[in-house]
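This report refers to the structure that appears directly beneath it.
By letter and in written order, the chains are A, B, C and D; residue numbering begins at 1 in each of them.
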Amino acid sequence: MRIGVLTAGGDCPGLNAVIRSVVHRAVAGYGDEVIGFEDGFRGLLEGRHRKLDLDAVSGILARGGTILGSSRLERAKLREACEQSKELARDYGIDVLVPIGGEGTLTAARMLADSGLPVVGVPKTIDNDISSTDRTFGFDTAVGVATEAMDRLKTTAESHQRVMVVEVMGRHAGWIALESGMAAGAHGICLPERPFEVDDLVAMVEERFARGKKFAVICVAEGAHPAEGSMDYQKGEIDLYGHERFAGIGNRLAIELERRLGKEARPVILGHVQRGGTPTAYDRVLATRFGLHAVDAAHRGDFGMMTALRGTRIVMVPIAEAVTVLKTVPVDRMDEAESVF
Amino acid sequence: MRIGVLTAGGDCPGLNAVIRSVVHRAVAGYGDEVIGFEDGFRGLLEGRHRKLDLDAVSGILARGGTILGSSRLERAKLREACEQSKELARDYGIDVLVPIGGEGTLTAARMLADSGLPVVGVPKTIDNDISSTDRTFGFDTAVGVATEAMDRLKTTAESHQRVMVVEVMGRHAGWIALESGMAAGAHGICLPERPFEVDDLVAMVEERFARGKKFAVICVAEGAHPAEGSMDYQKGEIDLYGHERFAGIGNRLAIELERRLGKEARPVILGHVQRGGTPTAYDRVLATRFGLHAVDAAHRGDFGMMTALRGTRIVMVPIAEAVTVLKTVPVDRMDEAESVF
Amino acid sequence: MRIGVLTAGGDCPGLNAVIRSVVHRAVAGYGDEVIGFEDGFRGLLEGRHRKLDLDAVSGILARGGTILGSSRLERAKLREACEQSKELARDYGIDVLVPIGGEGTLTAARMLADSGLPVVGVPKTIDNDISSTDRTFGFDTAVGVATEAMDRLKTTAESHQRVMVVEVMGRHAGWIALESGMAAGAHGICLPERPFEVDDLVAMVEERFARGKKFAVICVAEGAHPAEGSMDYQKGEIDLYGHERFAGIGNRLAIELERRLGKEARPVILGHVQRGGTPTAYDRVLATRFGLHAVDAAHRGDFGMMTALRGTRIVMVPIAEAVTVLKTVPVDRMDEAESVF
Amino acid sequence: MRIGVLTAGGDCPGLNAVIRSVVHRAVAGYGDEVIGFEDGFRGLLEGRHRKLDLDAVSGILARGGTILGSSRLERAKLREACEQSKELARDYGIDVLVPIGGEGTLTAARMLADSGLPVVGVPKTIDNDISSTDRTFGFDTAVGVATEAMDRLKTTAESHQRVMVVEVMGRHAGWIALESGMAAGAHGICLPERPFEVDDLVAMVEERFARGKKFAVICVAEGAHPAEGSMDYQKGEIDLYGHERFAGIGNRLAIELERRLGKEARPVILGHVQRGGTPTAYDRVLATRFGLHAVDAAHRGDFGMMTALRGTRIVMVPIAEAVTVLKTVPVDRMDEAESVF
């Protein structure tokens, strides 16, 4: 069998572990040939590919990034690209394509599958927001990086009687904020799923200072937003150079809190550090299991499916099912977090 | 409600996170009183206890060990201790006891529950070998420590063309060896669940050297043992001072491999480092969830039950069910690991 | 002897190690009494102090922050505060004061010493910019945090063919940028000591992409600034809310590079994460040595002096000498760094 | 200029950083050619070498081990090997040889230099025991690994009221034990430089338990030994298989303490973990500086010299001077450590 593999979308620790696992399982286990396309679908469209043997994936298990490179596919060009991809994949003699990617990539994968190209998907997102799987690889690493940063910030906040506002990744789902905030013992967590009241945060900080705990750490997902009328500073005010990217919710909330509390509030925007570097053991194991099960599924002819974690088992689920609904943080998980602030 | 809490058995990262969570949920959420017994059941039997309020658990979330201390209960004295514990718990006005412990502790907990003391258990073991829960806290930290050690050892093994035999914890179940070995890309994994053939390991190393990969890392659970007749050096031979504890399987296997291969083989015994120190974010979240759900269960009157992870949810399961069977590594997980060596 | 100790100025990993060391050496070694003032000179002025015995400093060696709290002294009030401090220190029966702090604190310490209060200083700054000592504690930890972040960013930059601009601490001296940039193998380092040419950075990135290395990491000290006329975007343009703190050089340089290069450039502002959390072993050892040598100096009557590292030895140097000149990165160190880009 | 480089002796984090730095400085800075010999002097003797250009050293800065491989030279064959090496180096057109290694390698380097081959040495040892340099690279990483392990062990020792005996590297000099013990706040440190009295350790532990600190961590260098008559268990007793390597001082001391104290004492032997893996930022900077200064020295014709750290500067010192005396821990450093137990 000739298997094509590519990585697409944002960076995510564990991509190399999937690639390595696909190659080990396919080459050593089945005697397959594996072809890697460079820079996601772009490499498929542009004919940039290379053979992946055991040597090619030696030593990459613990490395961040992806040896194949990645790129994002413009949504507008998706359909056309899929049509082309299907034909090109056949030109290259690909029996099955294994795209490793997030919601956009899996949507493309579903289209390819619908149009007849054998596809087995591997879900990837540090945001953990893909339905049908308990967890995605990369998420644990991102949570770990954010937690370690907050561990560090807590000591300095305490020494200086400060409020620290830590902005973590999560545009549409707040999983990273939820779990890193819970792991680090943050005193407030703001998620995209539930608009937050600045008044509540102000009250929490004042209550802490009143009982002698003269610091607070607030963990904010980048996609969190204040309840209507809750925050004085509006998005419109802070335009610079036409984009707003350096004036995210973390910075705005820190300013707002500092003004209302009359205490120092400092923002820390963790940014891309969460996406890079060596994956945790958890993510390496999950990524490795996804990779080898994808190859097994390919050999069983389980096309149009993707790997998923259910409890302790890896199962195959229809890609279609996974990409229709975003997995957001449910109310009971938010309540859990709040119950131990 | 007056809740008694204790930690028993071997050390495990995340114990403090459970204690903190129990206190936060009970005191801040329900207005309960929480009493901590010192050094496990011993503190209960000897009347050593102290009140745990929010201040008492401040800053402990990320700390290893247990602020309550721990001890192991001799199995022979179990029944008698239980009988006493029941009465003492009532003397102290305990409405419900929350023991946090492993298989031994949970067995005691079940006896207590059977004899009428309201008990809600929290399972604890770095070995991950308790049935009825997908994972236990502490396990992720142990796997992380072992993986990082093997990451380090791989580079030095490669530079010196050596075989490294790394002994990790796991007397009866090989979960730590399985997952850390998989995460670190070990070239051989030996588990208690399946006697290993030294010949297979020798063949693996020779095959690697033959194709230019002049090093190997073998991950061995402390409870792994060679297949009958597979290893020359026997346990009996290496008695020293009457005990054998420094002549575990890691050391013996390294000697054996060095003799057979004619290459340097070095043992590294990770030992207690796996049990201590700050828990990973994963373990802190799981421990925190276990703690708060135990309190909720106590208020619902869910006695004789313990917390468990099922997929992404925390559920309550009968303690009885959890302690009857040890959760060992199933064959398909071993096959997975071997498929990507 | 009755020793007063206080920590002042910005947070710095290792402060607790100094406090612990002072207490161990003084109490256990000399039978002294140690008094800790809270929140720096403010605690001295306001009479907030507590006795520090061995129990009070138990378990703090590896902890970030300072158990005594800290505060910054307004420069305008310095002289007055010193006058008061001197008298108060005598009221409290302090035989010698050991202030642990940066340039501002040491200036105050010198004034106190000049006015007759026995003072032994311990220099503290994560910026490593205090003259007369080879290194200051806290610096190694800050460099470690910044290096680990860049290690992570390199992999993600490579996978996405991006330029990463990482802003690290260092307002007046670029030591953190120099050493973390060198340790992480940054492709450009911008220091306060030498205005940088944006054209040089653009040329460097283009040259890298031209020879197939399609990413770059640039490490920028927060106090670095472009050469006159070198950067299009000016400070004035980016005012928001009256202050400029969220529009530092890292953000501005990323925008500038993205526009000129036509490639994605992302800023990462590490911020306070560099100041907090557990100190490295190096910083703990240095801080511990500073603490015990300060006590020894107090007993020798070496007043008006501060501890300093010279080679492998701890020596006492006049505080006056240390605070007159800021230790900036010399030209030959910049050349060294550039020689291995 | 044609520069030959090789790495010899035990593994040491930072070797790759030196190799990279040599290549960057030589190739990009001077237009030199760099040849790497494989597996130390063995590669030189056997003619195994390869060209090292910028691509060959890309991405190795943060990686443990050495891309060139290493080997130990038997002391008996040293002179003969040197004679051969000199001739071979000339056959390969080597203008200057840069051996990176420990005391054995530097002794060989000195012989080569004496016999007329231009040599510039780079000292390497995790043990930090080479004279003429304040520090060696690799040492900081080893100390960091040992410190982190003891941080972990402290929490578990405390929870279980145990004594932990941690054996770290250091056969002839106790630098790693000294600094990691000091950094981790060990309660006892045993060095090769000063025979220890078991009675003193027993008294220390008993004193701690008496005042409620019911645990202790003792850091022992592998080369430490008890004072004559101080320990019951002798080396001779514990021979197994003809070698003694699994019955080192750590294991023996733990047994001895357990017997005398009647309390649990557990040994942890850190072993090769200290030698491998990614170097700390400190070691990467030092290694990089050594590499580039070695190339500069080669171009200045500073032969027979090696790089050394003096304060904050890199200087060149005669190899002869560096290899005649082992740099052991001086008495005042031991006293410092003991003063803060």
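The working rule: contacts are C-beta pairs under 8 Å (C-beta built on N, C-alpha and C of every residue); 3 or more make two chains touch, one makes a residue touch a chain.
Owing to the predicted nature of the structure, the values given are computational and were not obtained by experimental measurement.
Trainee: Which chains lie in contact with each of chain C and chain D?
Mentor: none
Trainee: Which chain maximises the distance between its CA centroid and that of chain B?
Mentor: C
Trainee: So what's the Cα centroid distance for chain B and chain C, whole Å?
Mentor: Going by mean C-alpha positions, chain B sits 40 Å from chain C.
Trainee: Taking each chain's centre as the mean of its CA atoms, how far is chain B from chain D in angstrom?
Mentor: 34
Trainee: Which whole number of Å gives the spacing of the CA centres of chain A and chain B?
Mentor: Result: the chain centres lie 29 Å from each other.
Trainee: Can you list the residues of chain A that touch 2 or more other chains?
Mentor: 151, 278
Trainee: Chain pairs in touch?
Mentor: A-B, A-C, B-D, C-D
Trainee: Help me check something: in the complex, which residues belonging to chain C touch chain D?
Mentor: It comes out as residues 20-21, 24-25, 28-29, 58, 61-62, 134-135, 140, 143-144, 146-147, 151, 179-180, 182-185, 213, 278, 280-282, 284-285, 288-289, 291-292, 310-312, 336, 339-341.
Trainee: Which of the residues in chain C come into contact with chain A in the complex?
Mentor: Touch list, chain C to chain A: 7, 10-11, 15, 39, 63-66, 69-71, 145, 148-149, 151-161, 164, 233, 237-238, 240-241, 246-247, 251, 255, 266-269, 271-273, 275-278.
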